[in-house]
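Next come two complexes, and both contain chain A; in the first it sits with chain B, in the second with chain C.
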Partner chain A sequence: MAEPIYTVASDSETTGEEKTTSTFPEIAVGIDIGTSQCSIAVWNGSQVELLKNTRNQKIMRSYVTFKDETPSGGVSNELSHEYDMLSGAAIFNMKRLIGRVDTDPVVRASKSLPFLVQTLDIGVRPFVAALVNNVWRSTTPEEVLAIFIVELKVMAEYQLKRPIRNVVLTIPVSFSRFQLTRVERACAMAGLQVRLMPEPTAVALLYAQQQQQAVHEGMGSGSEKIALIFNMGAGYCDVAVSAVGGGVSQIRALAGSPIGGEDLLQNTMKYLLPNSESIFSHRGIDEIRRMGLLRVVTQDAIHKLSYQSSVQIDVNLGNGSKLRKVLSREEFEMVNSKVFEKCENLIKQCLHDARVGTEDLSDVVVVGGCSYIPKIRNLLMEISKKKALHEGIDPLEAAVSGAALEGAIASGIGDPFGSLDLLSIQVTPLAIGIRADGNSFIPIIPKNTTMPARKELVFTTVQDNQSEALIVVYEGEETRAEENHLLGYFKIIGIPPAPKGIPEITICMDIDSSNMLRVLAWATLPGGQHPATPYMEVKMPTVDDGHGWCAEALHGKYGATMELVTLRKKG
Partner chain B sequence: MASSFFTSFTHSSLRPTAACPSVQRPNPAVVASAAGLRFGRELSVGRSSFYEVLGIPMTASCREIKAAYRKLARTCHPDVVAENSAEEFIKIQAAYLTLSDPDKRADYDREIYKAQLVSVSGLSSRTGVSSYSGYCTRRNWESDQCW
Partner chain C sequence: MKLRSSLFAVLRSNSALSSATNFPNVPNSALSTQISSNSQLPSTAECSRPWRSTACEFLDNLRFPSRVFCSRSAEASDLKPGCWNCGAVAPTSVVFLVCDSCRSIQPVDQSVDYFQIFGLEKEYEIGDVNLESKYKDWQKKLHPDLVHSKSDKEREYAAEQSARVIDAYRTLSKPLSRAIYILKLEGVDVDEEDTISEPELLNEIMEIREAVEEASGSQELNQIQSQMQEKLIHWSNTFAKALRNRNFNDAVLSVQRMTYYERVKEEITKKL
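Right, the complex of A and B next:
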C-alpha cells in the first residue's frame, strides 16, 4: 500500500550545486477535485492563484470521456454540448464512487447515472464502465481519478514550467481511511506525492489567512474568532468549527456526510418524472439519451431556482413523451426536505461537538456549489442566529485556495509580508477503535482528537487461559462494530496464561504527522513490566478491498474464542 | 545519552502505561529500562507541569493560555518543524486541553496544590509525585474527547 508520506523534495533531491542556482523552490500545488467540478491553484510568491486551462476556465468539469482512443478529461476535453457528458461514454461523479462497495447506498444511488454502475450487493467494489461504440468498457474510479489528475498535472507543469511532484488534495470529511488509500493510489498512479486535507479545513485556513491579513492592515482586532464553515458541493456536505487567531486555524470539530447537489438533482428528477427509474433500468442508448435530457433540464431548473421563485420546464424526451411543468422553489424545497434536514443535523452536531454556542460564533462561511441555494443560506442564518453570512471568500475557489496555501506552508517557503505565517491544526474526522465487549465498537482515538495523536486502552480476555486475541480495527461513529469501516485485523499471540479478565492487553493507536495510523498491541499480567512476547505494530488500513465480510468470516470461524472486553480497572 | 533518554521518557510518560514502543522503537533497551525505572527518581526530575509545558504562570488568564498554545503550536507543530516533533506537540496539546477548560484546570490546580502539601509536610517526595502522576494519567484520558 502506498504510504502517505509527504516530502518536500527540493532539498533532498538536488545537489548542493543545484541548490545555489535554484531560484524557484518546489511548492506543492493545491487541487480540489469535486464531484462535479475541479480546480488547481498555486502560491505564486505573493498570493494564491488559480490556474486556467486552454479555454480560460479556472473551474473545470470533473469527468473523463472514453469515446476517443485515449481517454480525456474535463481539463483538456471540450464538450460540444452538455449532453456529450451524458451519452454514457463519460464517467463523472467518481468522487462518490471511489473506495465504496456495492452495498453502499451512495453507490446504489449512482446507478441512475448514464454510465454503468453495476452492483451485486455483496460488499465488493462495483463494476464501472463507459459506453463506447456500443460496448461497455470497464474502468475503475481510481483509474478515472488518476487520468484526471494527470491532466491537471500536465496543465500545471506547462504553465509553471517546472515538474509537479507534491500536491495538497482536498477530500470530504466523511472519507474513511480506506477511501483515502484509494485516493492516494490514484495520485501515485499520476506520479504525485499527496497530502490530503479535509475540504472545510482548507477553507478555514484561507479564513485564517484573511483574518491575519486584516490584523496586519490594522483592520482586525487580532482576538480569537470562532468560525463555522459549511461546504456543500455536488457530492458531499461538510461542516467544521475552527478557532482562528494569530494565523492558527485550530479545528475544533468536523462533521460530514455524502449528501450534496447530486441528491437534490436526483430527488427533483424523480419528482418531475416519477416513473423515471423504471424507464431507464434497461439502459438502451435511447433511454440513456432521454435520461441525459432530463438531467440537463433539471439541473438548469435548480440553478434558476436560486434566483427566481419558480421555473418553467419544457422538454421533449422523445418517443412522444413530453415534460411540461412549472416547478416552484417551495416544491423543490419540499422534495428535498430530507437532504436539508440532514444538513441541519450536521451543523448542529458539529457545533455541539465543538462545544460552541451560537453566541460564540464570529463568522459563518458558506462555500461550495450548493451555497447559492436560498434554503441552505437561510438554514445557516437561522441556526447561527446571524443576520448575514461571511463575505469575501469565493464559494467555488475557497477549498482549492486553502489547499494551495497549505501546500506553500508545507513547502517551508517564507513570505516577507507574513502571508504564510499560518498553521492548520487538524482533528480526526472519525473515531478509530476496535471490536470488543461482544459486537461493540470501542473507540480508542475518539472523533475530533487533535492530530498527531496517540491513545491507548487496556482490554482483557473473555476465556480462562486465552492465549490469543483478535484485534479488529474499525473507523466510524456507529456503536455496532460492523456498521463502521473495517480498516484491518491481526492477532495478538502469547497472552500469558491466567483466568479470564486478568491479562492486560494494551491497544495503542498512533497517528503521526503524516496522518499514518499505526496500531500497537502487547499483553502483560498485572504488575508485570515487560510483555511476554514482542510488541505488535501494524500499519492500517491493511484490508485491500473494503469488504466488511472479512470481519464476518473471522467471527464465523473463531466465534468468541479470541474476543476481548474492555478492562475496568479497580479503584 | 542520559539527557536524551530523559527527554524521550518524559514525553512518553504522559500516557497511562508509559512504554509505547513506537516512540522508543529504535532502541528496545530504552523501552525496557524506562519501564523498569518507571517509579524511580527520573519522575521527579523529568516531569514538568502543564503550566511549565506552556511556559505560563499559574495565574495566566484564559486568553494568555490560548495565546501561549498558539505560539507554541506555531513553533512545535510537526507541520512547522520537519524533525519528529509529534511527541512535543502531543504534550503541548495535552496541557492545553486541561488548562483551557476551567473545570479541568481547577481540578488540576487542586492536585498540584495537594502534591505540594504532601512534599512540604515531610512525606517522601516519591509518594507525592507518584500520586500526582496517577492523577495526571487519568486526567489525560478524560480530556480526550473534550475541549
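Right, the complex of A and C next:
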C-alpha cells in the first residue's frame, strides 16, 4: 500500500485503549460523515457554524479517488466531471460497509457500485478496490473514512488557526459496538479523539437548543415537548423519540436500519434496466462506466421527482443500448414500496418503544437527504396525524450542527446567553446480552436503557458437574443469538462440581459515562459466602474482523458442553 | 421461582396458551427465563440497589481490587458531613447531592431515598407532581457529561449520582414500582416469586389468559387492556389504603395483583 501524503497514525489495535475521558480541554468540532456527503461544524462562540472548503461548499461529497495511487477525498479534491467519479477510481458509500462482513446483505447489495466489492460469503470483510491505471488497488472502509476525517481536520485547522484534537462524530443508530470500534479506529488513524453520537440524537439536541432559545426570547412556553425525529440519508434510516424540556433532550427510544437513498437508487436502476445485473456482470472498464452512467441519470431523476410528478430519462449507455423512458412519481413509489414500508415500521416501533401516542407528539422533525421525498413527508404526517412537519431545522445541516453543540457542551465552556445550557441524555440503541437457553439471545441491558447503565442477570449450568461456562456476548434485537452482532466471548473456569441448575453464574454489564462496555462474570454456590470462581472482567468488544466465522466455530466446537440457562434477574 | 412455577403449572395445562405465547416445551428453567425476561418490572428488571450491588459487596468483602465496578462508591472519608471539596456545610432543608458553593458533586449517600431526591413526602400517592422536570434539573447538575473537572473522583460521583437519579425517576414514575419501593423502605420485601395462594386470583388468571388467547382482534384486546387498566387503578387504591393503615399483608397482595395485571398488559401490547 502506498504511503499517503498526509499523516495517518498507525492502524494499530491499541487505539481505543487510551480513550480515558470524555471531557475535552478545547472545543470539539462536530463531523457528520454520511454515506454520500460529509460536513464539519464548530461552536464559534455564539452559534454553530458550518465550515466551507475552498470551493465554498458546506456539504461535501463523501468519496475518495485513487487516481495516481495517492488517494484524495471529496473535501479538497475537485472532479473535472461528475462521471470521473464513476471510472472505477472513486470509492464511496463506505459508511455502509464499515465493520460489516461479506455475509451481510448490505455488503452484497453494494456489489453494483462502480468499483470493486468482492465477497466470499464466509463472514470475513469484503475485498474493496479501486481501479488505478488498470490495476485494482485495495482499500478498507476505515482507510477511506480516515481520509475524509483528515481532510476535514486539515481544513478546520487552517480556518480556525488551532490544532483539532477532539471531535464529535455522528453515527447511525443501527451501528453495532463492533462497527463503532472501526469508526474509532478511523478517527485514531486521523489522530483524533472521538465521541460518537447517534445522528437523530444530535438532531434532538439541536431541537432542544431551539426550544430553549424560544423560551429565552419569550416565544415558547418552556413546557416539556415530545419530538419525533426522522433522519434518512443515503445509507441509513434512523428514528428517535425525545422528551425535550429545559434544554435537556432525554432520548426515550431509538430505532434504525441500514436502508436509505442508496436502496431507492438501486431499486429504481433495476426497474429502469431490468437486465442491468447481467450487463454489468464482468467488471471491465466499460461496464463500470456504463453502470456509473445509469447511476448518475437515475439519481438525477429521483431528485427531480421530489418536485415534479414525472421525469424524462434519455441516455445512451453505449454498446448499442439506449434507455428512453418517462418515469412517474407513482412508479418510483411503487418500485420502492418495501423501503417505505420499512420506514413506516421503524417509526411505529420507535413510538411504541417510547410509549408515546401520536397525541403526545409536539413536533415531527424530518431531516437527511431523503427528507425531500414527498412520500417520506406524507408517511410521517400520516403516522403522526399532523398536518405539518416541524420547520426551522435545515435537513442537511441538522446532524452536524447537533454534533458541534455536543462538542461545545462537552468542552465545558460557558455561554453568557445560556445557549449552551443543554444536555443530551442517551439510551442504548441496541440490547446487549449473552447466548443462553439453547441458542437464545438473553438481553441483560435492554434496548433504550438510559446511560450510564448497569444491569445483571443470574444464570446456571445445564450439565452436572459442569466446570466451565462460555459467555458469548451479543448486541442486537433478534431472538436467535447468532442473528445478532457478536461482540466477544470468554470463559468462566473452575466452577465447583455441582448438579446442573445449582451454581449461580452472575453476568453483570456496565456502560460507563464514556460509553465503555464492561462485562463482569463470576460463579457462586448457594449459601456460599464467597464467589467460587475468580471474577472475570472483560472490556467489550473483543472480536476482530472475521467475527462471522467466529460465532459458528464456537458453536460447532463446544456445542452444549459449556452452555448456560437463565436463572433469574437479581433484585 | 415459586410464583412462576405455579403460574406455569396453570399456564401449561392450557396448551393453546403455550403455543400462542411461543413457549416451546423446554425444561422448566428455560421457561422461567421467558417470563422473567419478558417482565418489565423495575424491581426485577433493574438493579434496584444502584451501583453497589452484590458484586461490589462481594468485592469489598474480599478486598478484591476492582477499579471499575467499585470505584464509584464513596471513600469513607468522603462521607463526612459537608462538601468534600470546599467543606461547605450541607444544607438541612434539601438533599445534598451537589454543593451550592462550589458546584462539586457529592458522593452517593444511600440513606437518602428516592422520595427525598424528588423533594417528596414518603407517600405512595404523589399526585400530578412534575417528576420529569425535576429529573432534568438534577441531570443538568449531575450528569457525567457536564462534569468538566479533571478529578476522576468527581466524575465517578457524577456517574453514580446520575444513575441513581435515573433509577429514582423510573421507580417513582410508575405506580407499581413506586409501590414496591415504598414497601421496601418500610422493610417489606415483596417477593415476586412468592406463591399465589388465593384460589380467586388463580381462577381470574386462567380466565384472563383464555380471554387474551381467544381475542379475535385488536378491538377485543383493547377491551381487555382497558379492563386491566381499571383493575390496576382499583388495586392501586387498595394498596394506598392498606399502606395508610399499615396493613402490609394487604399491601403485598395488592402489589402481587398489580404485578400480574401489568404483565397481561405487556403481553397484550406485544400482540397489538
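As a convention for this text, the second predicted complex is superposed on the first by the 540 of 571 C-alpha atoms of A that agree within 3 Å, B and C clash if a C-alpha of one lies under 4 Å from a C-alpha of the other, contacts with A are read in each partner's own complex, and residues count from 1 in each chain.
The rule we apply is simple: a residue touches a chain if its C-beta (ideal position, glycine included) is under 8 Å from a C-beta of that chain, and two chains touch if they have at least 3 such contacts.
The shown structure was predicted, so the numbers you read here are calculated from the model rather than taken from an experiment.
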Inset, instruction - Mind working out whether A:423 is in touch with chain B, chain C, both or neither, as first, second, both or neither? - result: both
Inset, instruction - Examine A:354 and indicate which partner it touches, taking first as chain B and second as chain C; both and neither are also allowed. - result: first
Inset, instruction - For A:246, decide between first (touching chain B), second (touching chain C), both and neither. - result: both
Legend entry - Partner chain in contact with A:518 - chain B first, chain C second, else both or neither: both
Inset, instruction - With the two complexes superposed on chain A, say which partner A:436 touches: chain B (first), chain C (second), both, or neither. - result: second
Inset, instruction - With the two complexes superposed on chain A, say which partner A:468 touches: chain B (first), chain C (second), both, or neither. - result: neither
Inset, instruction - Applying the touch criterion given at the start, work out whether A:448 contacts chain B, chain C, both or neither, answering first, second, both or neither. - result: first
Legend entry - First, second, both or neither for A:224, with chain B first and chain C second: both
Legend entry - When both partners are placed on the shared chain, which of chain B and chain C touches more of chain A: C
Inset, instruction - Starting from the residues of chain A touching chain B, keep only those that also touch chain C in the other complex, and list them. - result: 224, 243, 245-248, 250, 409-410, 412, 421, 423-425, 446, 450, 452-456, 506, 508, 510, 512-513, 518, 520, 522, 529-530, 535, 537
Inset, instruction - Write out the stretch or stretches of chain A touching chain C in their complex. - result: 21-23, 224, 243, 245-248, 250, 352, 409-412, 421, 423-425, 436-438, 440, 442-443, 446, 450, 452-456, 460, 501, 506, 508, 510, 512-513, 518, 520, 522, 529-531, 535, 537, 565-571
Legend entry - In the complex with chain A, residue positions of chain C that touch it: 1, 26-27, 29-30, 32-33, 36-37, 39, 43-49, 51, 53-55, 58-59, 61-62, 64, 66, 68-69, 132-133, 135-137, 139-140, 143-148, 150, 155, 158-159, 162-163, 166, 170, 193, 269
Inset, instruction - Report the residues of chain B in contact with chain A in the complex, numbered from low to high. - result: 15-17, 20-22, 25, 32, 35-36, 38, 63, 66-67, 70-71, 73-74, 77-80, 82, 84-86, 89-90, 93, 144-147
Legend entry - Contact set on chain A toward chain B in their complex: 223-224, 243, 245-248, 250, 252, 354-355, 409-410, 412, 421, 423-425, 446, 448-450, 452-456, 458, 506, 508, 510, 512-513, 518, 520, 522, 529-530, 535, 537
